[in-house]
Amino acid sequence: MEVKKISELEVEDRIDGFFVIKSFEKKTAASGREYYDLDLLDDTGIINAKIWEIEKGEDISEGDFVKVRGEVISWKDVKQMKIFKARKVVESDDVKIEDYVQSAPIEAIKMYSEIMEYTEAMSSEDIKKLVETILLEKKDKLMYYPAAKGNHHAIRSGLLYHMLRMLRAGAKLLEVYDGMNSDLVYAGVILHDLAKIEEMEANELGIVSDYTKEGKLLGHIIQGIKEIDRVARENGIDGEISLVIQHMILSHHYYPEHGSPRYPMIPEGELLHYLDIIDARIYDMQKALSEVKEGEFTSRVWTLDNRQLYKVNKD
Amino acid sequence: MEVKKISELEVEDRIDGFFVIKSFEKKTAASGREYYDLDLLDDTGIINAKIWEIEKGEDISEGDFVKVRGEVISWKDVKQMKIFKARKVVESDDVKIEDYVQSAPIEAIKMYSEIMEYTEAMSSEDIKKLVETILLEKKDKLMYYPAAKGNHHAIRSGLLYHMLRMLRAGAKLLEVYDGMNSDLVYAGVILHDLAKIEEMEANELGIVSDYTKEGKLLGHIIQGIKEIDRVARENGIDGEISLVIQHMILSHHYYPEHGSPRYPMIPEGELLHYLDIIDARIYDMQKALSEVKEGEFTSRVWTLDNRQLYKVNKD
Amino acid sequence: MEVKKISELEVEDRIDGFFVIKSFEKKTAASGREYYDLDLLDDTGIINAKIWEIEKGEDISEGDFVKVRGEVISWKDVKQMKIFKARKVVESDDVKIEDYVQSAPIEAIKMYSEIMEYTEAMSSEDIKKLVETILLEKKDKLMYYPAAKGNHHAIRSGLLYHMLRMLRAGAKLLEVYDGMNSDLVYAGVILHDLAKIEEMEANELGIVSDYTKEGKLLGHIIQGIKEIDRVARENGIDGEISLVIQHMILSHHYYPEHGSPRYPMIPEGELLHYLDIIDARIYDMQKALSEVKEGEFTSRVWTLDNRQLYKVNKD
Amino acid sequence: MEVKKISELEVEDRIDGFFVIKSFEKKTAASGREYYDLDLLDDTGIINAKIWEIEKGEDISEGDFVKVRGEVISWKDVKQMKIFKARKVVESDDVKIEDYVQSAPIEAIKMYSEIMEYTEAMSSEDIKKLVETILLEKKDKLMYYPAAKGNHHAIRSGLLYHMLRMLRAGAKLLEVYDGMNSDLVYAGVILHDLAKIEEMEANELGIVSDYTKEGKLLGHIIQGIKEIDRVARENGIDGEISLVIQHMILSHHYYPEHGSPRYPMIPEGELLHYLDIIDARIYDMQKALSEVKEGEFTSRVWTLDNRQLYKVNKD
Amino acid sequence: MEVKKISELEVEDRIDGFFVIKSFEKKTAASGREYYDLDLLDDTGIINAKIWEIEKGEDISEGDFVKVRGEVISWKDVKQMKIFKARKVVESDDVKIEDYVQSAPIEAIKMYSEIMEYTEAMSSEDIKKLVETILLEKKDKLMYYPAAKGNHHAIRSGLLYHMLRMLRAGAKLLEVYDGMNSDLVYAGVILHDLAKIEEMEANELGIVSDYTKEGKLLGHIIQGIKEIDRVARENGIDGEISLVIQHMILSHHYYPEHGSPRYPMIPEGELLHYLDIIDARIYDMQKALSEVKEGEFTSRVWTLDNRQLYKVNKD
Amino acid sequence: MEVKKISELEVEDRIDGFFVIKSFEKKTAASGREYYDLDLLDDTGIINAKIWEIEKGEDISEGDFVKVRGEVISWKDVKQMKIFKARKVVESDDVKIEDYVQSAPIEAIKMYSEIMEYTEAMSSEDIKKLVETILLEKKDKLMYYPAAKGNHHAIRSGLLYHMLRMLRAGAKLLEVYDGMNSDLVYAGVILHDLAKIEEMEANELGIVSDYTKEGKLLGHIIQGIKEIDRVARENGIDGEISLVIQHMILSHHYYPEHGSPRYPMIPEGELLHYLDIIDARIYDMQKALSEVKEGEFTSRVWTLDNRQLYKVNKD
C-alpha cells in the first residue's frame, strides 16, 4: 500500500495514510443501516470518508490523529474515501502530528521567544511588566492557538505567527515614523488578540470547534480589556498606561460595525490597526493566489470583501 | 428692586436676582478695555451678562451661586444683562440652590431609597450583593449627577430619576411579560448607566463641564463592564451572573454605531434597551412639547433625530 | 395503532394521527410514476409525507384537517411519513381542530371582549366610535387571523393576542408616564395592524398562504390609513383625531426602510412603536429559547437580526 | 426717480420700484428704537430693506405688492435698501403682479387646458373620470401653486409647469417604448404631486410660507392616495384602476428614505418616477447654470446632492 | 421525428432539434463511467442534456450550433434530454443561427446605420469625428455584442439595440427640453457602453463567457475613457469636447458604488444617465412581465432590486 | 521696529515683518470708503490685515512675498494687523521665501534624487522606463507641489515628501512580507498621486488656489490612469505591466465612495493603499497633537473622521 497525502489522492487509489479526524458522526442510511461519516484532514487538504462496517469505527473519535487504510472512490464527481481499517496513531508509526496539520512556518517556541525579546527590550517597566505577565499566563495555549476560526491565520500557532509578523513590521515602520512610543506599539500588537484564547475553543491541533460563551456574549476585545484591567490592578501598573493600552485594544478594529466603539485617538493605536489589517490581508491574499497560475483570477474570496484576486503574469 | 426669574425678565427691567454662573470669562473689547462675559442660569432659563467694571467681578467665578443686581437691555434683538453688583449667596439670603437649578421632580434621597428597595427585594443573593455594592460606592455622586451632558435628563439628579422611572416601568411590564428574570432586569436598569459618573465631570448642580479622559478613551459602557467585573471578582459573585449582566450593559445601546458591539442575546437585555430608550424619548418629547401650544409644532429637536413634534389639539 | 403528535414521532413508528395539510402537490418520479407530496402539521411541528398510491390521495387537499395512517421512515437523515390511508376528519372522530394548530394561549372571543372593554372605557366619544366601528367590521376574521406570515405571532388568533398584550403593556406604562393621551395610545394599538387582514390571505387555521394584491402594491400601513380615513368621514369623526391616528399608523414602523415615511411626532405614537416592537421581540425570543436548554445558544434567528440567543443558566 | 428691478440696483441709487414683501417684521435696535425689517422681491431677485421711521410702515404688511421709494446703500458689503416711502400698489400704477414674481414661462390657463386635453384623450373612461374630477376640484389653486417650497419649480404656477413638461416628455417616450398603458402614465403624471396643494400653504404669488399640519404629519404622497381613494369610491371607479394608480403615487419617490414605502411594480410607475426626476433635475441644473459663464463652475447646489455644475465652453 | 423548440418539449418526446451548445463538459459518474454534460439553448429557453456514449460527443464542443436527436426525460421533476446523436449544423440543414438565439428585434446592420445617421447629423465636426472613428473601429463586434452578461439586453446585438433605443428616446426628450447640446447627448449615448466590447468576451451568438482581464481590473467605464482620450489625441479633437465626453462616460452610472466616482456635472450627462437606466429598466420589466398573466405577480427579479412586478388587469 | 513671526505677535506690537499674501481683496466699508482686506501667512500661522489708505496697497497683490510695517490690534477678540506700509521683498532684504512658508522637512531636490534612486534600482526595464518618463515630465512642478488642498501634507513640496516616506515605509515592509513584486510597489507609490499636479492649481509656495477643471470633472485617479496609458503606449511598455499599474492607481483609494471603483485585486495594490493611508494619518495626527500638551485632547479633526486625539502623558 502506498502512503499518500490528501492532495495526491486519485480515484481508485488504495492507500494507507495518516490523518486528523475533523468531524465524526454516526448516521443512518435510508436502508436503516448505520455507518460513520467522517471528514479527514492533513496539511494538504480535506476529504470526506465513510466507515460502512460500524464496528470498525469504534476505537476512534473526533480530533484523533489516526492511521487509515482505504480506497478512494468518486461520488457525484467528488472524491471520497471508503475506509477499511482505522486506528489511532501509535509511537511505532513514527509520525509527528505537526507534519499533518497546517501550521505556522516557524516553530512556536521560537516565535514565542522572539516576542519575549521585543518585550524585554521595552523601556517602560510598567508596560513590560503588564505584557510579560499576560504572555506568561497564556503561554501554554499560545503554542497552538490559531488566530481565527475560519479567516486569516486559521492554522496551528497562527496567533503567534500573526503577532510576530506584526511586531516585525511594526519595528520596521517605527524606523520611518519617528515620534511614536514603540513600547505602546509593541504592547498593543502583543495584547490585541490575546483574548482570542478565551473567545474560541481550539484543540491542540489549532482547530477551532466553536466560540465560547464569553466569546459570544462579550467578544475578545472586551475580554482583553478586562484582562488588562485586572492584571494592571494586581501589579500596580500606572493608570495612564493601562488606560491607553485598553483604548488601543478597544479601537483596533476601527469601525463600530466591526466591534470597535471608539476610533483610535493616539497614533500608536492607528498604527496598530493598520499593522493588524495589513498582516491579515496579505496572508489571505497570498494564500488565495497560491492556488492559481499567473495570468489567472482566483474565485471570489469571502474574507476579502468577496473580491477576486489576480496573479500578475511575470513573463 | 424686583426679584425675578430669567423667563420673566423684560428689556429695561432693573432687578435683583439669584443665579448660577454657568460660564465666566475675562475678555478684551476692541477698545482694549477688559470686561467679564458671563452666562447666568436658573431653573427657568439662561441669559448672557456683562460686567463692564472689572473690579466688580472679582469675588465670583464659574459655578458660583450668586446674587446679582443689574438691568436688562436688548442687544441685536436678544436680551442681555448689564451687571451693577454681584456677590456669592450668603446664608442670610435664605435661598436654596435646589430652587435655582433644574432638578428631578423627586428628592434625590427618596429616589435612592426606592431604588434600594428594588434591590433588597431581589431573590438572587449574588445579584443583590453586586448591585448593592456598586450603589453604595456611588451614593454620593448619584445624589446630583445628571444622566447626560446635553440630552435627556440633563438635570440635577437626572441619573437617579432616569433609573427610577425605568425600574417602575420595568416592574409594570414584568406583570405582562412573564417568564423573565426580574432580578436581571432590575440589575441591568440600575447598573446600565452608572459609569456615567466616571464618564462625565459634573458639579453638584448637575451641570456637566466635559467628558473625562476615561470617558473619551473608553466610554461608560466599557467602564461599567470593568467595574462590574472587578466588584464581582472581589465579592465572589457567580461567574454566569457577572457575565450575563456585563453582556446586558454591553448591548444596551443596541446598535454598533451607538456603542454596542453586541445585540442583546437574552430577553432581559432586550427589555433593558427598550426601557432605556422609552424613558429618554418620552422625557425629551414632553420637554420639547412643554414649550409650544396645542395645535403647534416644536422646532426640530436634535436629540430626536431632528424631528419636529406636534402638540395635539384637544378641543 | 398508536395516536401520536408530530414531535413524538420516531423512525419505524406505525401510527394513526390527526394533521392539517399545509401543502399538497402531485409530482412525478424519475420513473414516471405519479405520487402526492404533502407537508403535514399539528401544534407540535411539521413533517413531510408521501402518498405513493395515487388513488389514496383523491379525497383530500390543501388546508384539510385529516386522519392519516402511516409509517415513519428516515430519508437522508430526516424523518418522513409514508401514508397508507388518509381521509378528512369526521364528527365521530371527536377531535377539535383548535387542538391541532398553534394558537394564541387565550380564547379568541375572550381576547376580543377584553379589547372591547378598553374601547368602551375611552373618554373621547369620537375615538371610541372610530375604533368600535372598525373592530366590529373586522370581528369575524379577527377571530383567527395571525399577526404575520412567518414572523412573530404567526399563529391562529395571533393578531388578537398581539393587540391584547400591547394594550395591557400600554396600560401599565401609562401608570408610570403621565401626561399622555390614553385614548390615542389604545386606539393606535388596536388599529395599527388591523389592515393585516386585508394585506394577507389567511385561512381559518391562521395559516397565511400569501400576501394579497393590495398588500403587495400598498401594504397594511397605507390600507389602514385609508380605512380610518373612510370610517372617520362616514361617521363624522373630528378631523384632528382622524389625522393624528392616521399619523400614528403611518409612523409605527419608525424607519423609512421598514415602511414608515414619517417618524412619530407625538409621544403616543412613539410609545405605540415601542409597545409593538417589545411585544414582537419578546414573543420571538421566548419562542426561540423554548427550544434550547439552559446554558445553550439557539441557532441564528432570522427575525431577530440573525442573532443567536442565550438561555441563562439559573443554577 | 428711476424705476429699476432688483438685479439692476447699484449702491447710491435713489429709486422708485415695485416689489412683493416676502417678510415683514418689527424689530428693536440696541438703542431701543423700533424699525421695520423687510425682504423685498421681484422676478429678478431679493433685497433686504429697512424702514427707520416706524410710522411709514403702517399701511403695508407681508405678502403685499407695494410701490417703494428708497436709496440703495452698502452694509457689510451687501446691498440694502433704506425706504423713504412705501404704499400698496393701486390701479393707477398700471403694473401687473405677474410681472413682478417669478412665474412659469407659459400662462397658467393655457397649461391647464393642455393638461385637460391629455385627459380628454384617454381611452379608459374610469381613468378619465378620476383625473378630471380631481383636476376640477383643484383648478383654482392650481393656477398659482408652485411645485415646491425651495427646490425645483418653486415659482408661481410651477406645479402646472412641472406637470405639463412631464406630460409632454411622457408622450414622447411612449412613442419609443410601446407596450405601455398611456392612460396610466398620464394619470400618474397629473396626480402624482397634486396633493402638494394640501401639503403646503402658498399665497397667490406662488410663495410657500410653510407646510400644513397635514403635510407634516402625513405628506403629499399619503394625502394624494387618500384623495384618489375617496374620489374613486364616490365615482364608482373600477377598483383595479384605483389601486394601481394609488400604487403609482405611493412609489413615485422610489426610495423609502425619500418617502416611498414601495418601489414601482409596474413599468408605468417606473416611468413616472423617471419623468418626475428628469424634469426636476434639468430645471434645477439649467437654473443654476444660468448664473455662470461658459467654462465656469457653479457653487455647490444643495438640491443636486451638493454638486457643482459646469457650463461647457462652446467656442 | 418531430422538430421542436425547447419551450415546446414534453417528457417522453423523441425529437430532432437545432440548438446552440452553451456549456459542454466531460464528467465521471460514481461508477467511473465518463459522459458529456451539456446545456443546450435556443431562442425559447435552455435544457440540460447528457451524452452517455462518450464517442458520440466527439465532433462537437462549446459554442457550436448543432443538430441533435434525443429523448426528453424527467429527472427530479426537471426535464432533461438524453442525446442519441449530435453533429454540427451543415449547409444542407438550411437553418439560420439567427433563428436559434435570442436577438434584438431589429437587424444589426439597420441599427448600425440608424446610429450612423444620428452621427452624421451632428453639428460639431469634432464630436462627429470622434464618434465616427470609434464606431468604425468597433463595427464588426458591434454586430453581435450583447449589452450585458446577465442583465438587460443580454441578447445578440443587444448593445446596438440599447444604444438605438436610447438615441431615439433622447431625440424625443430633446424636443421637450431645449437648451441642451444634442451633439453631446448623442455622443454620450453612443459611447457610454462601447467599451463593453473590451470588458466582456462574447461569441458571435451574443453569449458572454466571462469578463476579460481588463474588464475585471479596470471596467468598461475606465476603458471607454482611455479609448476616447486616445482617439481624441490621434485625431486632434478639441480638448474641451474630449474632456466633457469623458466626464459623461465617467459619471453615467451616477453612484460611486455603481462605478461612477463623479456625479454628472452637466445636464447632458444627467440626461444620459436617465436614458440609460430607463431603457434598461423597461427592458427588464417588460421581459419579466411577458412571463405572467394579467392580474398576477412575477417572481422576484434580481436585476430590479429584487422586486416582484405586477401585470395590470385590463378588463 | 521689531521683526516677528506671526505666532509671536501680541496686541499693540508695532512691527516690521515678512509675509506671503494668501488673499488680497478690495472692499467697501459701510461708509463707502474703500480699503484692502488681506490674509498674511508665514510658516508659523496666518493673520488678517487691513490697508485703510488705499494708495498704500497699490504695489502688491495675491501671492506676493512682502515686507510689511504695521500694528497689531484686537478686533472682536481676534488679532488683526493695521498696515502702514507694504512692498514686495527685494534682494537687499536678504530673506528666503522658503523660510516663510511651511515646507517639507527635507530639501525638494534631495527627495527627488532619493525617489530616482528607488527607480534606478528596479529590475523590470519596462516599469523603470514608465516611472522615469513620468517623473521627468513632472520634475519642475514636483519641486513645490503640496499633496493636498487642505488635508495631509498641504505644505510646499508635500507631494514629494508623501511619496518619499511611503517609499521608505514600503521598502521596510517588503523586508517582512516576501513574495511581493517590489517594482510594482514602488511604481504604485511613485505614480499614485502624481496627477494631483494636474488636478490642483498650486503656486510655487505650495499653496493650492483651487481644483482645475480636469480635476473637478475627472479627478487625479482617472487623470493618472490616462497618463500612464499614454506614456506606456508611447514607450512600448508591456501591456500587462501598464494594465496592472493602472489597476493599482484605480484602486488605491479602496472604497467606491472615496473614488475607487475597484478594490485592489493584487497584494501590491493592497499594500499601496495602506502605505498611503498610514502616511497621511500619521502626518495629520502628529500635526494635530503638536498643538496640545501631554494629557490633553485636541479639538475634533475633520480630516480624521472628526475624532479628537489624545496626547499620552509620559510622566
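Annotations for the structure displayed:
We call the chains A, B, C, D, E and F, going by the order they appear; numbering starts again at 1 in every chain.
Criterion: a contact is a pair of C-beta atoms (placed from the backbone, for glycine too) under 8 Å apart; a residue touches a chain by one contact, two chains touch by 3 or more.
Listed by chain with UniProt protein names: A, B, C, D, E, F = 3'-5' exoribonuclease YhaM.
The structure presented is a predicted model; accordingly, all values stated were derived computationally and were not measured.
Contact with both chain C (3'-5' exoribonuclease YhaM) and chain D (3'-5' exoribonuclease YhaM) is made by B, E. Distance between chain B (3'-5' exoribonuclease YhaM) and chain E (3'-5' exoribonuclease YhaM), defined via averaged C-alpha coordinates, is recorded as 63 Å.
Per-chain Cα centroids separate chain A (3'-5' exoribonuclease YhaM) from chain F (3'-5' exoribonuclease YhaM) by 42 Å.
Computed from the mean C-alpha positions, the centre of chain E (3'-5' exoribonuclease YhaM) lies at a distance of 47 Å from the centre of chain F (3'-5' exoribonuclease YhaM).
Under the contact definition stated at the top, the residues of chain F (3'-5' exoribonuclease YhaM) that touch 2 or more other chains are 213, 216-217, 244, 247, 265, 297, 308, 310.
Looking at which chains touch one another, you get A-B, A-C, A-E, A-F, B-C, B-D, B-F, C-D, C-E, D-E, D-F, E-F. Residues of chain E (3'-5' exoribonuclease YhaM) touching chain D (3'-5' exoribonuclease YhaM) in their complex: 165, 168-169, 172-173, 175-177, 179-181, 184, 240, 244, 247, 263, 265-268, 270-271, 274, 277-278, 281-282, 285-286, 289, 297, 304-305, 307-314.
Those residues of chain B (3'-5' exoribonuclease YhaM) lying in contact with chain A (3'-5' exoribonuclease YhaM) across their complex are 213-214, 216-219, 221-222, 225-226, 229-230, 233, 243-244, 246-247, 250, 256-257, 259-262, 265. Looking at the complex, you find that chain D (3'-5' exoribonuclease YhaM) touches chain F (3'-5' exoribonuclease YhaM) at residues 11, 73-77, 295, 297, 308, 310. Taken together, the chain B (3'-5' exoribonuclease YhaM) residues at the contact with chain F (3'-5' exoribonuclease YhaM) in this complex read 27-28, 30, 32, 213, 216-217.
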